[in-house]
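Should a chain be cited, it is by its letter among A, B, C and D, assigned in written order, with residues numbered from 1 in that chain.
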Amino acid sequence: MMKALVYGGPGHKTWEQVPLPDLQDREDAIVRVDAVTICGTDLHILKGDVPEVESGRILGHEAVGTVLEIGEGVREIAVGDRVLISCISGCGRCRYCREGSYGQCLGGGGWVLGHLIDGTQAEFVRVPFADTSLYLIPDVVGDDDALMLADILPTAYEVGILNGNVRPGDTVVVVGAGPIGLAAITAASLFSPGHVMAVDLAESRLEAAKQFGAHTTARPDEAAELVRQHTTGLGADVVIEAVGVPETFQLCTSLVRPGGRVANIGVHGKPATLHLETLWSQNVTITTGLVDTFSTGTLLKMLATGQLHTHRLITHRFHIDDMLSAYDTFGRAADTGALKVTLNRE
Amino acid sequence: MMKALVYGGPGHKTWEQVPLPDLQDREDAIVRVDAVTICGTDLHILKGDVPEVESGRILGHEAVGTVLEIGEGVREIAVGDRVLISCISGCGRCRYCREGSYGQCLGGGGWVLGHLIDGTQAEFVRVPFADTSLYLIPDVVGDDDALMLADILPTAYEVGILNGNVRPGDTVVVVGAGPIGLAAITAASLFSPGHVMAVDLAESRLEAAKQFGAHTTARPDEAAELVRQHTTGLGADVVIEAVGVPETFQLCTSLVRPGGRVANIGVHGKPATLHLETLWSQNVTITTGLVDTFSTGTLLKMLATGQLHTHRLITHRFHIDDMLSAYDTFGRAADTGALKVTLNRE
Amino acid sequence: MMKALVYGGPGHKTWEQVPLPDLQDREDAIVRVDAVTICGTDLHILKGDVPEVESGRILGHEAVGTVLEIGEGVREIAVGDRVLISCISGCGRCRYCREGSYGQCLGGGGWVLGHLIDGTQAEFVRVPFADTSLYLIPDVVGDDDALMLADILPTAYEVGILNGNVRPGDTVVVVGAGPIGLAAITAASLFSPGHVMAVDLAESRLEAAKQFGAHTTARPDEAAELVRQHTTGLGADVVIEAVGVPETFQLCTSLVRPGGRVANIGVHGKPATLHLETLWSQNVTITTGLVDTFSTGTLLKMLATGQLHTHRLITHRFHIDDMLSAYDTFGRAADTGALKVTLNRE
Amino acid sequence: MMKALVYGGPGHKTWEQVPLPDLQDREDAIVRVDAVTICGTDLHILKGDVPEVESGRILGHEAVGTVLEIGEGVREIAVGDRVLISCISGCGRCRYCREGSYGQCLGGGGWVLGHLIDGTQAEFVRVPFADTSLYLIPDVVGDDDALMLADILPTAYEVGILNGNVRPGDTVVVVGAGPIGLAAITAASLFSPGHVMAVDLAESRLEAAKQFGAHTTARPDEAAELVRQHTTGLGADVVIEAVGVPETFQLCTSLVRPGGRVANIGVHGKPATLHLETLWSQNVTITTGLVDTFSTGTLLKMLATGQLHTHRLITHRFHIDDMLSAYDTFGRAADTGALKVTLNRE
């Protein structure tokens, strides 16, 4: 038996004893969870916003761990390996996986952990398609840094920065300075933008944005004017949506210059209004995306070379047995100032 | 004096005597209009939808003509040249023009003809920035074919096909089978899509779409089911919006596959609803655009080699003195079956 | 036991009885060969040009067949399936396979059939990594058409046309009008080039090039002048090397325009001279490549829709028992006019 | 009259009195030279390696100055402006200029200053196509920093880093640690490579490379082994040739990984050997290029934001009257340690 965070339907979760996972497929691995974190998406699930998650499901899709057992079809991962458990699994065979787009896997992968199958907020977890869903962690990389590559950093990098095609010298606006927005600011710096502006309502988040590298900050109602000043009236080259509500998306499309790009990272629950009556002639590109994790290997390499310092996103640390406290702290981020909270085995 | 189609405020137009144009800038040319056409945008102006067009303005932004006079700063164009008058002028110096994005010119170009300055629905017209706004027509290319390259073909090609990144074997859906939709179907064929589906309400337009190369056709209410059947449930690789109302745009975003592209060509007067609650995770790219005309030279070359046959878009021909009849025929397209109507000097 | 074409060291080959292949790995499949062809590379091997091929090796890396047996790790392919055997296998897990670059596989794939392991010129063959190396053939596609997708068509398409970035209206020169050059001419047409010129020494091949869609043809000593005439002195947009000797490669780099591309398909045995003293300032891009086969699925789809007719490359057909006669015919192509020769089980 | 550096045929140069330049075309500007530098190419000209340079020509194609007079066709530049004189002029009208490829201008631009017309190593200079060849310098940018954007930085950035497609985390090898190699190391950092290795024979240059940001250095004979160690045997993602002799180019093609890129910046006087017998199957891309200067505006913006510090390339400063001493110092760089030498009016 092991302890796990079990979803009990909207509003209900328990940290309880459940059976240990076992291999169900030749390409599975069983991993002992050494460090795990909680995602904003987990809170959405608990609110009942993700109806395909069934009662009884173990939540969690981000972890670092140690491989205990592998199926006989696993080639690249060995027992004893220290691995990153990616939020996205890939069958490696379907048309999307063959293009590195594991997030859209048609062969049983994609986002399944803590969603369609049991997840990582537990002492042990079964990971399908182990060869293409687990990543060896270089010795010089710590658990905390690696853990941020399970979801938040690849998401910020692929869905925000690469989709937004940030280029040297660009003016980049990041709307939303929560964890994912701060990760986007971090990832943007890899392409040497000329100016990064963070937009948020909360003063504390804007303060954090500056520490993560934003050159200026703005409240939503100031953003349009400040962007105008910074770009001689033209608008931003790239605008990144990192909130997930209609108002912020609409703000993004109002801040972008002709020929610019809006990259949506936010998880939306409602439609937004797209002002095509002005945008139709503006040569604007809008992208959406679930992370594909094609960049996970590269980001791990950048942790190893010291180019990224992702543990800065972690504000609170807990023992894994304090899972409910960690949820409480993360769930009240406005009060606690939590960005990412992590739980460790030891 | 000369005859010209003069806008007299919403609902009013006259074909009347006006003064001849003269050179106002060193880079201007005066061109005798040999063939001219009417754009859907001209109808929008007449409805009052384009408020920056002032009363007294000569309309029209598409023509073929003969150069009568040039400013002393014009280098590439000579008196006597047979030229295409592009709907877009470019200063050739601003940051957008330097990237070939003349449609977004910041230096006095962009869409100005028949909009901010007098246009081509006249016997003579002044064209600014002649070197980067006029195109020599090869001898083997007829006026009718060339005329379709003033606006509709580059728009379909750049804003529809290139923005949509149509690739060999793709399933492409074109929503709207009016002139611009048919031009998009024509232009799509340059990239050998595997299947082109045209969507429209009017049976006659769907019939036309087939003649222009659509493999199948659908009414809007059938489109989703037919696309699903054709793509084993996945959705279309590329969807092109060629109408310009919220319903058709929303249809487009519902037809595209994960990882696919929606290229908007339609001129919109109202916002649309963007269903981010489903699209956020779908890796979808949405583009908008005014034509930049970077492809005009290439398209002219393809007319010369016989790769394009654009005169097929022309359904009605008039003498230029019958401008008002031409407007009437074009304005009642549902009755007359008009696609493009042209007016010739002789 | 079965019959197979066995390499016996430089200059030696036999069609002899050998043991049947059996499964060696969980991801293997055993396939009955229904149709097979001979590649120019097989002739190179027989000359001793590919020293890593050991004596005793069964040659051949292109076939169409029926799956007889699969390992327990195979998910997508089933016994009884009619499949294309690709010249390239992919482990599906290494950094190259994750980008769709199976030709550079680091995990035991790449070009292995008839090279590092026994190949397809036999009655039966073991195919490793079956899920990512075999392709289901749609019912409407015949064996002959499909067989051309084992190597020659994806090579022409990926290494020639996509690397060369052929665009609508382009002037494309294909140097070498043997089978791979003709396949390149066929594949180029998917992007609507404005002019395709074939260059070869043999009149019969130039004749074939015209039938495959070349607009003009030239002997090597005429090519420079003809390209100049066709491009107002500028040079070709794209030049494709489809021979594999220094002289033809050097011809290619002399025919390309500033800003153009040279895509090398030819298999070279000797270095070439790169005239950097002129090319350094010409903004030229030169690419090389082994086929990656990321396009195989798309090309199969285009066979199914009737967009490609690849069986036109086949000039001679044999029963599989006449393997040695087929080699003789293919090896004396200058005399026999052979392009691709195929061998069928029945 | 004014003083100027006049080429007198191979081996001969004088700093002598010559007539003042005057406007010859409506789009010309006359600029007072405030700061000027010497390029390695000037030394090539003096050796007689650039035969199209005629005796009597004033050399120099890089400067910062003040506009004294403009032709009536100049719109964007005004008398009194402090400007960067780019090494490349662009007509702004030809097919290459329309794509931002001014280096390949067909309309009378390209590299003309100090080559086909009199250049910048003088007290005053006539600049053709002033609007597209001069760049306003922001107030916060000093002459020294700006001067490095006349040639060396855009060349390193466009021809080295952008052609090489340097990406975050990449292993980049720069062969040649002279001024252009150091500029390439500087420019590479804008894309956050994981590892930059500089290769040169001179210890002093390798020392300089470290100061400009190289992580490791190697002599040419060590490079292959060190690259192998750093990349687990695979090879470098991007290799940049910054010397211009056959040996260094060949070294570059031996260091690149399968699927990697070799970007040639070096000015070559002789052909190199291209080892196609191994490269043919390696999916390698090789690029060449004269700078197009499409990035000059962006680089100026990055100077203004403090993202680039290009004056670090300047090792020696002279008064403009000491032109011959400056040439001497620059010409004996191995002894003097000169990187870029600059000459100032005051």
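Here, contacts are C-beta pairs under 8 Å (C-beta built on N, C-alpha and C of every residue); 3 or more make two chains touch, one makes a residue touch a chain.
Given the structure is predicted, the values throughout are model-derived calculations rather than measurements.
Identification of common neighbours of chain A and chain B yields C, D.
Of the two chain pairs examined here, C-D and A-D, it is C-D that is joined by more C-beta pairs in contact.
Centre-to-centre separation of chain A and chain D, using mean CA positions: 42 Å. In chain D, the residues that touch at least two other chains are 99.
Against chain A, in their complex, chain C makes its touches with residues 26-27, 72-73, 75-76, 91-93, 95, 97-100, 107, 131-132, 294, 297. The residues of chain A lying in touch with chain B in their complex are 96, 99, 101, 103-104, 244, 246, 249, 258-259, 264, 266-277, 279-290, 292.
Those residues of chain B whose C-beta lies close enough to touch chain C in the complex are 167-169, 189-192, 194-195, 298-299, 301-302, 305, 307.
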